[in-house]
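Here the chain labels run A, B and C in written order, and each chain numbers its own residues starting at 1.
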Amino acid sequence: MLRFLLRRSLGAVVILFLLSIVAFLLFFGMPRDPALLMCGKTCTPANLENLHHVLGLDKSIPEQYGIFLHNLVLGSDGFAQGPCPAPCFGYSYHTNEQVWGTLMDRLPITVSLTLGGAVCFLVIGLGTGLIAAWKRGTLVDKTFTAGAMVISSMQIYFLGPLALAVLVYQTHLFEKPAYHEFTADPATWFTGLIIPWVVLSTIFASQYTRMARSSMIEQLQEEHVRTARAKGMSRRYVFFRYAWRGSLIPIVTIFGIDLGSLLGGAIITEYTFGLPGLGRLAVESVFFSDLPLLLGVMLFSATMILLCNIVVDAAYAYIDPRVRLA
Amino acid sequence: MTPAFLSVRDLHVSFRTEDGVVRAVDGLSFDLDQGKTLGIVGESGSGKSVTNLTILGLHNPLFTTVEGEIVLDGQELTTAHESELEKLRGNKVAMIFQDPLSALSPYYTVGRQIAEPYMKHTGASRKAAWKRAVEMLGKVGIPHPAERAKDYPHQFSGGMRQRAMIAMALICDPDLLIADEPTTALDVTVQAQILDLLKDLQREFGTAIIFITHDLGVIADMADDIMVMYAGGAIERGTVREVLRSPRHPYTWGLLNSMPRLDSDLSTPLSPVPGAPPSLLTPPPGCRFHPRCAFQDRVGGNRCVTERPLLAPDRASACHLTAQQKHTIFIDEIKPRLRHGQEDTA
Amino acid sequence: MTEDPVLPAPREATDEAAREPLLVVEGLTKHFPVKGGFPVRRTVGQVQAVDGIDLTVHVGESFGLVGESGCGKSTTGRLITRLIEPTAGTITYRGRDIGHASRKQLAPIRSEIQMIFQDPYSSLNPRQTVGKIVSGPMEINGIEPDGGREKRVRELLEIVGLNPEHYNRFPHEFSGGQRQRIGVARALALEPKLIVADEPVSALDVSIQAQVVNLLQKVQRELGIAFLFIAHDLAVVRHFSQRVAVMYLGKVIEVGDRDSIYTRPRHPYTHALLSAVPEVNVTDEDTGGRERIRLAGDVPSPINPPSGCRFRTRCWKARDRCAAEEPPLVQLSGNHDGHLTACHFPEDPTTAREEDIVLDPALAALEGESK
């Protein structure tokens, strides 16, 4: 197991390295000059020249990349804004703040949104899916299946404002969504995020409803499930021990992907509810051609996705003994 | 006369499908006595597996309709409540299946899967059940049972998996074992081991066995009585000797004639049954076998097409030919083709 | 569907014209690598699927290859049709080595060696009509028979006992046995000299199986096509093949004429295999019970096969020599010509066995109790 994790982590580092190169090259392919943007209205050729030098844009691309990599691993004192300990992505062109610090500032918001949403959509999605599979062919099953279908065709930018309008502005049942630090006051943290969680989870939950239902139904038709029934195990026991265990693999797979991409930033949700998470940061960095920030957000999101992947693979080994030995 | 241990009367099983109603079993009756082995032989779609899933109520109730009577040791099973059936399954009646790899769960150890029914039916502790599972594994010939019980099914070979299935089925000492093609997926040398093992265990435990297979050779080796099924019904029944040495139904004749044997005559080709089994969505009228039967013109009138011959308790085969006709046809036309090949003595 | 016509008398295997070798396989070996290890995945072992076998198939002959799962019989079939490339050894077809021939060099030979598969459901493309399936090989090879491809397909359908009017139907409209006939028609389309049939009847019901066996027999005899008939069912192989090779764990352990192999097997494994086949006694006389040999356990893994004789771990005659030295495949004294056996301590061809051989510990224990 340890070997497996080591091998996968090594692989992930290689992927991140390649990704950073691609991102670097793409940025230099953009037709905009970040120095020009920073230089403002009173830009003179001399200022521009100076900025190019300060930002290191006058060096060759491989050289710039080398510096970037060096700073990332070892940190650097060479910035005009001050020292930058590892992992150093440099300072943002736009805000002049340390990129790593910015990322860490935004991260709690994204993590709160993701984890709360994930709990909601897992509970709702798997719950309805399992009930539908258990009561297959009945009215309950049909209602849940149809409901999941309708909801999955909705979008956050439709449901979000709708929820805000009804629940916050008209009935005043809930507070306006906002992020409060968990450590400061868990209660406001919770009430502030409940609407984003629910809206986010409805979109995801419908997918889990359908998947849990179909893979449970498939598993219930497996021969080993029939064997378990033939030896006298109750329907409930077989459902939760035998069929559920088999359904876990596809569910965990999709959950890993969803979790990874959510941790990289839920752009639409963050915009809809005005929450300044990583998703917004990503969009802003693109908007301002903020190379250090862009690379930082990108590599950070990629790391999240790769981490989730490794966790999912490790989970497979836990779920399925056949994977363990292979 | 004491009632039979298992008695099935006029069983009808049908499935609703997208294409219509499939009558998988249509008017089946048979008996089985304690400690005996009934071999059910038939091709795919003959209804042999469905019948046996129905005995334990393992059919899918959403799509399946079951009519008729299944009485096991005085208890009616078709109308029994699910909780009563659960008490029977794996306890009084156990099953083993064709493919032991897919029939065992890949997620739990072999020992756990064997111990589960014992815990459930006897209320034994986890530890006692595990001990008993290891004991059973040893009994079915798994070397080092205490260690192997901790393995997962994929770490077992095909023959060992089927042995584990047998251990699981017999752990509660059932009165009836339903074996659904238990050796079809196995190699011939392993099949021989498993068949012998089943016979020896049956002698020790006194279990009645329903043995389902498509292989007449396996049946001849295992069973006391044979029931031949075709298109959802029994067409011939009798002791192994009666059915194999003096069969009385054209389909049984066809099966025997189309089966290559290690001692059959090689100078003549096999004589297959022409055509294919009928669709059970729209079974042919009258005798289900008549479209493939070479002897229907010897039956008076149009009876093979209009009237379905049934296997009554006092009759050995469901065919309109008279007993005399069946006897003469078999002796004169069928048997000569079954003769041994010349023993090569060079 | 039409009934199969009466077959001509079987061709004598000793017919001189038929002794001309068509396919000669020498030292054929296929090892599949097993990957594993850390940090770089590398080959940590070899599955010795086929390990140095010699076979000869003569023109127009039906050659049977039997063995249990994992013995390498299917891999051998796939090597001969060159679906996979051998690790070592030669495959000589009509004097030309095709073992390592390139795609281009193989092209003309591909049409002469055809294959029939086990599963009649997955081996036919469900989206193609029967006509398209059967004419496919002609199209690929750019062959335009006299009177056009469609006429030829209709002829072929008739030969295999299908209605030529079914030209435009799709595979799902046919039963399993009929689909296997379509597979046979496709194999015949290019007038092959050799057909490799890999378990062609195993997936079929008994009554249908006989139809297809008869069809293959008809094709073999009337069209003079040689067959490499791969199957696990000893009775079917006996019925179909003039010569038979028995494989065990990647090796041919015994080969010879049908009668020699089935009536006087010399290798203990062949003997055990034959005694394990459950048989129906349909005659009135009781033959006094058959010999009973019960081996212990399953076939060992081909990744790490036993040293020396590969059968020794399950053999009741095994001695030290069997572990040290691999027995060569040779003609033993008392064998017919061409009957080769690879065993240090072969079975006696004359005396019948006096008592059962039961190696299975569980069986021995249970039977000991009941005595």
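In this section, contacts are C-beta pairs under 8 Å (C-beta built on N, C-alpha and C of every residue); 3 or more make two chains touch, one makes a residue touch a chain.
Please read all numbers here as calculations on a predicted model, not as lab measurements.
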Query raised in the report: Among the chains in this structure, which pair is joined by the largest number of C-beta pairs in contact?
Result: B-C
Report task. Average the CA atoms of each chain to get its centre, and name the chain whose centre is farthest from that of chain C. Result -> A
Query raised in the report: chain A to chain C: how many Å between their CA centres?
Result: 55
Query raised in the report: If you average the CA atoms of chain B and of chain C, how far apart do the two points sit, in angstrom?
Result: 29
Requested in this report: Using the touch definition up top, name the residues of chain B that touch chain A in the complex.
Outcome: 56, 58, 62, 82, 86-91, 94-95, 97, 99, 102-107, 113, 116-117, 120-121, 152, 154-155, 165, 168-169
Query raised in the report: Residues of chain B touching chain C in their complex?
Result: 43-44, 139-143, 157-160, 163, 187-193, 195-197, 200-201, 203-204, 214-218, 220-221, 244-245, 254-264, 266-267, 269-277, 338-340, 343-344
Query raised in the report: Which residues of chain A touch chain B in their complex?
Result: 136-137, 222-235, 242, 245-246, 319-322, 325
Query raised in the report: Which residues, counting only chain C, touch chain B once they are in their complex?
Result: 1, 3-4, 6-7, 9-10, 68-69, 175-178, 205-211, 213-214, 217, 232-236, 238-239, 258-259, 262-263, 272-284, 294-299, 360-363, 365-367, 369-370
